[in-house]
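Structures for review follow.
Both complexes below contain subunit A, partnered by subunit B and then by subunit C.
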Partner chain A sequence: MIREFHRSFLIWCHMLALHMSVALTYRAQAAIWMVGGLVPLAMMLIWLEIANDGVVGGYNRSDFILYFLGMFFVRQATSVWVLFTLDRSIRRGELSLLLLRPIPPILQHSAEHIGELILRIPIIISIFLAGVILTGVGSQISCTSILLFSFALIGAWLIVFNLYYCLGLLAFWIGNAIAFDPLLFSLYTMLGGTIIPLDMFPAGVRMALSYLPFAAALDFPVQLLLGKLDVREIGLGFTVQAAWVIVLSLIRSTLWYAGLKRYSAAGA
Partner chain B sequence: MHGLGLFMAFMRNSVQSEIEYRANTLVNLINSALMVILLIAILNAFFFRVETLGGWSLDQMLALFGVALILEGLIDCWLYPSLHRLSESVRRGDLDLVLVRPVDSQFAMSFSNLHIWKAPNIFIGFGIVLYSMNQLGTLSPINVAQFLLMLTCGIAIFYSIFLATCTLAFWLTMIEDVWIITYSLMEVGRFPVTAYPGWMRIVMTYVVPIAFISNVPAEAAAGLLTIDRQIAGFVVAALALGLSRWFWRYSLARYSSASS
Partner chain C sequence: MQSFFSRQNHEVAAVNNISFNLEPGEVVGFLGGNGAGKTTTLKMLSGILRPTDGKVTVLGFDPFERRREFLKSISLVLGQKQQLAWDLAPVDSFLLNRVIYDIPESDYRQRVGELTELMALEDVIHRPVRKLSLGERMKCELALALLHRPKLLFLDEPTIGLDVNMQQAVRSYIADYNQRYQATILLTSHYMSDVEALAHRVIVVDQAEIVFDGDLRGLVTVNEPRKVLRLWLSSPVKQEILRGYAKVSRYEGLEVNFLVERNDVPRVVSKLLAELPVADISIEEEPIERIIGSLLSGRASNR
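And now, the complex of A and B:
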């Protein structure tokens, strides 16, 4: 059992290295995609104009700056394209190739994503730090909040990855699973707080939204960075994250085994 | 007339290849409807906190979101399907197949593929604009005509920027998906230019004319269009079309084909 685990881990590490070098080759491409990720910073400018050096919904100038810098960070660190990879490989039968390899496809997909993330994270951190230093909001960040933020980021990544994985697996049943991408993306942007911080909503709406996976993956980590939550809220946030990771993983593995029975390896 | 005939042929071709995915139309319709409900809810919640956004009221913002939805629909069903493969065509030399045809290459490329099942967004966008005009009490034939006119100019500018970013493929063969930048422009243009700080307003009006793409049509719908804004809209549209045309021809000269 342990030996098998160890072997899978070694293979996973090799795949990680492989995908890192692939990402390095296409680094110019990654830079282009990152330009698209700067949109939250445009929202920051709008909110700063609205606040106009005052306080809106309990947020002052430095709260807004840190909030949207945090949004940028979380969005970039949890960017996932597994929906497209899965959809294509199931439709074209390329999944057979992944099935032949000695570790499960989900681990291969995760190696692809983590490999690219390792290369991207220094750039994301640099942009984030540059923003923090230039605007002078650094004093609001504490060591505790950075530590909690890092943990919540892992939870956020697992939620987003599993969510998109579930959607991608629908390709076993329907011709074009990526048709759902725009919907999920807008749910994610609007209910996660990328455009409007969830704290701006009426209290009841805000409460309801914070139980959704979108808020758990975006709003919650950023709130930890802002350091505005009390111990009870932090506990609740991590519980919601854990619950979604478990639920989505269960749905994912159910879909996976059911889908595999239908898989006909078209064209391969 | 020759151009129109070709356009119809491209349309027919696209329809035929899209018929297979007709279930997608339903999915898209559901997607769009949910998105709009969500959007209106979010916008209402937003105005719960603030009275105006850069001087725009809730109903005026709705018109702007409608315009953004039309543009998004146009990317999904026209610009992206037709132009995103340009970089691959340049790298692999597939562009030969377009160049040998006795048609203008820019025209042939620009309308090469249309995904009609993504069209619901466009209609819903128009619906939202009309609804907001009704709410604002500006729903008159003249305002609708003004709106359509300025929307045409906005689309011309947007098309030009999209084409120009795709044309960069001739210069940067290692990079795909430069069009993604245009997508982010649309995201930024979802909000009134006046809601941004001063320096951004200048950039968004004179450097990257987002103001004329999304704001001016929405102003026309709200009956707020001034004559100088309108004239500026025409000038910018003509300039954008001319410049992107020039850039296309200039870049085409660099094309060296690949294997053939």
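And now, the complex of A and C:
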């Protein structure tokens, strides 16, 4: 079991390194992707205007700045395109080539994402830090909150990756799984806190939303950064994350095996 | 709109009644027209597709379980799809396969050396794949597929799009691999010369069924009992006179082709030589393409 894991890990690292060198040849593409992630920063400006140096829903000026800077960070770090990869490779039969290898194809898919993320993370951190320094909200961040934020970021990535993986696998059954992308994007944006911080919602709604994967992957890590959660809320947040990771992984592997039986390996 | 609301799925039997065994070390040509089910069969044998019915056992495994030991002992080369990473050099893909297939370092070095030398790839494997010619890419693709020394090799149109020299090189490499490692090879191709050069046995499929399974010579003698007699005359002879000897299949001035029953060949030849101004003569088999073509179209007209 451990040897098995070790072997997969070695292969994965190798793929990671390979993909990083591919990604380096397509730097411009990465830059374009990042522009799409600027929505939270635009929202920040709007909310600052609304707050107008006062306090809105318990958020003051620096809360808003940090919230949306954190939101930018999380969205960038969890940006995932596996839905497109899967949709294309299932419909056009390119998945066949991955199926021939004696390793699970998800290794390749995850290595591509993490490889690219490693290249992007310094840029994301730089933008985030620049924002923090320029606005002077740095004093609000503690070492503990950064540590907790980092852990929550891993959970967030796993949720987003698995969620999009599940949707991508629907290409085994339907014509184009990409059709789900706008839907999922809206849900993320509305229910994850990108436009309105979740604690602006009525308590009951906020409670309900916090159990959804969108909040677990977006609002929760950002709240950790703001340092506004108590120990109970932190524990609950991580539990919700873990639960979603497990549930979505199970759904993913069920869809995978069911889908393979229907796979038609189109066009050679 | 009808089709939008009531979409029906029709089950198409891509592969219907195909049943065959391969012996270890055998090279088998898998022939048939477009859409006959050749590629589908290869995909089932290599574990990509699950057969809806029936049983497939390859090297003692059910391919669709995609067990690691199974996948490590096979390779499928799809002439139309590539396994090499487009933006990387072939050697990067080789290195990745070294880890994926657990190839020991020393074996790896020896095999890459051998493959690159045999296929003249030394200068090629360090350039990005997107900058390679089709022929170079195909050779690298083949080298990649053989790196883990598969016992069983499925080749789907391995020479498609290659020029004659390159086809020859790929063919001779495949033949060499078969000889050296006693690998079993199942090959589809539209180029009959691939099949003639490599396969001793051929399986012809049509409409998802096997219509012939046997050695190549058998296919020729059973389905085409006639040989082609090519004659070059030193002076013109009227077609009516020529028809008196055997069926004329081609008549172009001084060059004449006859179709002659196998048993009848010696008699017709000696008669021609005795009675006509013959400059040269040759006795040939019908091209195998035509034999298979007529086999398939014969089936079509009986349907």
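Here is the rule we use: the second predicted complex is superposed on the first by the 264 of 268 C-alpha atoms of A that agree within 3 Å, B and C clash if a C-alpha of one lies under 4 Å from a C-alpha of the other, contacts with A are read in each partner's own complex, and residues count from 1 in each chain.
Definition applied: a contact is a pair of C-beta atoms (placed from the backbone, for glycine too) under 8 Å apart; a residue touches a chain by one contact, two chains touch by 3 or more.
Remember, it's a predicted structure, so these values are computed and weren't measured experimentally.
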{"item": "Touched partner set for A:I246, first subunit B, second subunit C, both or neither", "value": "neither"}
{"item": "Contacts of A:L147 with subunit B and subunit C, given as first, second, both or neither", "value": "neither"}
{"item": "First (subunit B), second (subunit C), both or neither touched by A:I121", "value": "neither"}
{"item": "First, second, both or neither for A:A258, with subunit B first and subunit C second", "value": "neither"}
{"item": "Subunit C versus subunit B, contacts on subunit A by residue", "value": "B"}
{"item": "Touched partner set for A:L183, first subunit B, second subunit C, both or neither", "value": "first"}
{"item": "Touched partner set for A:V55, first subunit B, second subunit C, both or neither", "value": "neither"}
{"item": "Contact residues of subunit A, present in both the subunit B and the subunit C interface", "value": "26"}
{"item": "Subunit C - residues contacting subunit A, complex", "value": "39, 43, 46-50, 64, 66, 68, 71-72, 74-76, 78, 80-83, 85, 87-88, 92, 95-96, 99-102, 156"}
{"item": "Subunit C-touching residues of subunit A, taken from the complex the two chains share", "value": "7, 10-11, 14-15, 18, 21-22, 25-26, 93-94, 96-97, 99-103, 260-261, 263-265, 267-268"}
{"item": "Residue numbers on subunit B that touch subunit A, as the complex places them", "value": "21, 23-24, 27-28, 30-31, 34-35, 38-39, 42, 45-46, 48-50, 53-54, 76, 172, 174-178, 180-181, 183-184, 187-188, 191, 195-197, 200"}
{"item": "Subunit B-touching residues of subunit A, taken from the complex the two chains share", "value": "26, 28-29, 32-33, 35-36, 38-39, 42, 45-46, 48-50, 56-57, 174-176, 179-180, 182-183, 186-187, 190-191, 195-196, 200-202, 205"}
